[in-house]
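Single-structure report; data block below.
Chain lettering (A, B, C, D, E and F) follows the sequence in which the chains are written, and residue indices restart at 1 in each chain.
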């Protein structure tokens, strides 16, 4: 009847996607979806400032993402069956361990349903649980955009924390380190991340991007990944705090958002089997820019899913 | 299975109520509800700072409202069938007139369905359209909590603006001025509001509340309203800007939130037939306190609906 | 032609008063005025956080002050010839001493022109220089609303600082301590202010207002002041930081704005010969509430000037 | 007398220019000016977040713009007769249509007086009304810096909105599309802007600037414009939200401020006949960076006016 | 040499107390102290917004607390040997259980050294561990100022969380419920706190304070406590969010800071054996008012310790 | 015992260095140190917005700086004896002159003790006093990163102000202008800084960095400085306000943080004899990004000190 939704109306969902309530815990909650947009409001794995448990709500609150990606020339919502399926149910907000179990179980259901998960954290430890599901059948390639390599070992007695998911994912056989690119890396804990190079990952530091330009690394990424399945994990702290202050472990001297966009757009055609956007802590995001970048990256991931050339799922 | 929703999980709805998508525009969208929680994201009627079009989203984003009202001793969500039915569809964000038509039409559907509307604006001009529906069959009493009487006439060529809804509502026959209490009134435009006293409304200024205490005015309110139907209109600028800065026409020297709560709780048993919470402009709400008070007041209204002694609908 | 100014249009002046450019430094810059609204953007006298040099601009930026005072029932702009005459010219932003000389000179010109000065600081040390002009001919009474008595002696080698203006004013013969009320006093430096009681000032602490109510102290004030000339000095830190965070030396447990308004309105009829509003530091004023209260108090002062019963000037 | 104005003193005007009160509505209000700095506090044309009605005041509040442009080596205030003439008087804040009529009328008076208008909005729809005056006699060239092409047609029943001014300006014969450069374009509504390329405009996307560098597009601009008259329209959302968060429809991945400055400085010598800076919404500008960039761009425009080589007016 | 510390100079410690580095873990780290000011930067026990792990740093950053308490007429730093002993060392930031063990161990060392602990949290669950030490020898009385009774049982599988410390403390024999006053209580989870009344605690709701005035409850408190040992636990969410927004589970309609100050000052002479200030989450504290109130309350506690009439330790 | 400090625990010191209390004023307060981290909380020398007196505290509050510099491959804290020695004691907060005397005296003690000072201001005028000590024996080279050349003469009657330290340092014989690089320069006061080029300094503007890349200027810097002693002075306003809004005289179009880092890292091996980070005004730093960059730059300076190849001290 000529009446359209305003960008700021109604309960906010990821990219204004339809909301599928109670998707988890029912048998057919994920039926008939190509892509599930999932929140994981858990921040027990951080080393410094907490707060990214509110990341999913902050990303949902962003107005005006999509419908069109003007560089990739695609309107993905029209090509895929997509829903915001709400947040992973967590039985206890006091136990990092039980949260990891709950996340793993939820994503195994998603993968079992043949649905591609695009997730919003939550701290980066969640990728460990997600990859247990996504990479269960075969190791996947990884595009990991972050200020930190996140391949440290057990810390303060916990196997779960946001500094270690990708070590675990490799040890779990869920990620193929030779098909892994880590980019945007910098900061003051480099010595903790030897596992990255030891295991064969390709690590590109932020200052290399500044020196050589992002476009060189699109080629690197495409060559590494080839046409096998690939997961994209985007830690918002990869971006310079000038653009993305709302995160718990910021590092000066990061990527520009337009470099991140160029990199992601450069992945057009690859076989994306999942992705996540993590570490958005809106308490530190005075302008909501951080959530905005996160939402835009989520949209780029969705666009890439729509444009897969040889989809494996 | 022992898993509960976290206060900060999933798409945010008013007081965490279930979300009924597409409630408007379908024949049975409002079926089987006692109370509809409705957003009206429209701010074309303001005289000063715009921004309250984002009020509904801001009030939804508040965590931890309810389930229990400890003074009234009621858990209203368990007693009533309640849903967040989304926002009123508006055909044009550029026309104050057409927005008013759309609001009136939507609320006529709500009233026709026998559902009590509790609304979140939006600017106060929306009450004019809402009352056209709620007060269509017979004039209703009015508890109007505001810094301003909002009974001015046409202004700058417009019959619709946030300084005039209650004059129109009286002229429309929707509100009974002798069963009307305006409370919290103050500020610099008093001379515009002669209609209030001329028409027989009872006007209580903020400084009177400071001098005599709020409890005196609970009695005044109950006497005025009696056991006929009553609508509650709560303009957040009634509250002192120290507590509620996020609004477009703040006035120094307002009510304390606990005075507002005491007043509302004092209305227990009355025949509430609708209510609204308006003028929340989150851009000016650095702490989200304003939205928080608004959400709490919405919850008080819902509690009052649950406790009506002689409900007319 | 039917077109009125919007509250947010045009360069902002105090209470939207007309702007008289270059009022200082020309012979007839202050001619034909009853009241001059004057900014004093100087904060070299603070003991803690600087920033109130931006106070005058912040108070000007407040929208919608006046035209009507609904308790005093007066529209003062229509009764008095009022202008925003800009800020006191200061020859050096590096010398507290020379600033004091410049302020004193400027106010002597204002007083000589028979104009009542209402000022916005700047730090409270400015009152010392202003009172040298206003109280030059005879000592004036003083209503001093503040968290601090500001009657300390020389500090760190300086006679000028925001903790001492009223000691100096008494010593200068500009203020009559027996016709002085200090109200709102509290905080952690009480021991510095023995001069207040020693000299005969009446000191009312914030907790006394909380305990006994503000209205008791209206009587005290009126009795002290009588019908002689009186100056009103309002330090925004008198108000509780919950309402007025934007100041350099906040003290928990202060006055409510509505208590300040009640007190000022209670002074109706007195012979106000000047007033100031000081210590507004907008950098700490996330909501602009502090500036708003300051602007409202300035308006109350103007209203009181309009309502003087036996004006001495 | 050796006393200079402090950057933060006195009522704030655009770039601290002298304030000419009541410039509109009097016969000779614009007399003897080369350039009029004009505010247009109107935001009824936005599609998303309102608030830029406060843009003019926010840009005025910026301290320390000028007097010298160190790259262009010019101090324009000394070469031109410039004044802040206040804001366009608007008869109704409730009617987008009447605002457009009022703006058009005001600018026709400016153009008739032979004065070059440099404006601060307000939403981008105002350019449509301004260009009706500036381009009335002959179509002008256009340098349009924006995230959006703003060449959409009627929307939700309104010919006036911030997504369409340049389509209308072309249809009005006020802008020559072949002498038009749109730069900074990106975002999710590309499909609405086919008119840009269809009509012959040159459209440069943000990612092209990132890839090739801004200096390439200075040449493009100079070639397109030649030595005919040109208008510059600067939408602050062209700049990346990391630098300019204070706007209603931000888009990730925009221009850097230093690229905008380089582009503008590259236009030295062109025949600038007017310019505007729009879409500054200070409610979203936690650091005032957005207003700061806007004020600097206004200063660049003024500098370019001072350096015109073959001025047509 | 005449040079004093500025309020904003040097590393910030609680109330500018001297900093005793490495107080924990060495044998004589707490030697010769009357009072230890201790931070507990742990927020794993919250139910909603995390962030109060940064509470201790925020309270330290407050300038200008003390040296004089003007109502109690005491300068406690001069009467007691006081130090900021840093924060409790925590072996893992990922385990709520191990944090509780570490806190308990640290406070047992404090108590063993005969030192009175005044603590800054951290979430309220820490009081449970602290009271295990403070109340180990005999149950203590409790003045508990909070919006919540915090006497719920195990939740989501955890005995430790900020909604239950005082149930545990009673069950541990550390707190005497008949000598316990809970005041400021309100909010939406009342039904969880039956243990309070069942065990014999005196519970005063916020609306009772509003209705009857705080001074009535000073008498109640003194009668309950008598001259036995008493612990004071102050949850910042007892205060209305208008004054103290920086907390994780705010509740509309709380105490005014001046009521809290009056209550605490009313406890003069009691045998205070410890105290804590918890739930300060600076991420939500745009003005730093919340931290300011917390620091002032800490100072009141210190003043009360200095004024004990029959000290048991 | 396996317990480590959390990044957010304990009183905050510069880069979590140990705190040496009372370092100034005692004979051996600086004994056995290689590097002293010193705060200078003084902002009386600013021309516009005050507030950087709180800079040292803001930089201390930054979490997670170091221990490792991943590009320089150094962990400087392990190689040098470093302490936060607190802030320079200042006898009067009201006298710019006496502050300069106090600063000079303190730094002469530092230099006499053979300790390298790395300082955090405060306004840039402090460099003048610091260099009187550091360059007393022989002129030093200077890497000066700033938006402003800061070589103006006396201003408003004061030799001390933040626009002139390096003119004075050259005139004092403390800085060798031919071994001086000023980089990042831009803005509206260029005409005040002729002394820079007249005296032989090399001045690189921000737009040159944007055009040619920062790496070109590393070579320029190394050639200018050679292997003589060099001081690094970093004014945070060199960085674009998008990244570093928290400063008093921001200028649009500045350096990116990653360019600053690249430049500093390019100075590896030089004989750094001191450095400062100035003009951090946290009141304007909504995200704390500004303080974060400042802390990171301080860490880069410390890393460079650790890597000196031919240290002169």
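Descriptive notes on the structure:
By our rule, a residue touches a chain if its C-beta (ideal position, glycine included) is under 8 Å from a C-beta of that chain, and two chains touch if they have at least 3 such contacts.
For clarity, every value in this text was computed on a predicted model and none was experimentally measured.
Chain centres here are C-alpha means, and the one lying farthest from chain B is F. Taking each chain's centre as the mean of its CA atoms, A is the chain most distant from chain C.
Centre-to-centre spacing of chain B and chain F amounts to 55 Å, using the average Cα coordinate of each chain. Computed centre separation for the pair chain A/chain F is 38 angstrom, with centres defined by C-alpha atoms.
Shown for chain D are the residues in touch with two or more other chains, namely 8, 47, 49, 53-54, 91, 93, 156, 240, 242, 284, 286-287. Of all possible chain pairings, those that touch are A-B, A-D, A-E, A-F, B-C, B-D, B-E, C-D, C-E, C-F, D-F, E-F. Within the complex formed with chain D, the chain B residues making contact are 43-47, 49-51, 53-54, 91-96, 98, 155-158, 160-161, 283-284. Within the complex formed with chain F, the chain E residues making contact are 1-3, 5-6, 8-13, 18-19, 21, 25, 39, 41, 53-54, 56-57, 60-61, 84, 86-87, 89-91, 93, 102.
Taken in their complex, chain A has these residues touching chain D: 4, 7-8, 63-71, 75, 215, 240, 242-244, 256-259, 261-262, 265, 286-289, 292-293, 296, 299. Contact residues of chain B toward chain C in the complex are 47-49, 156, 185-191, 205-207, 210-211, 240-242, 245-246, 249-250, 252-254, 284-287.
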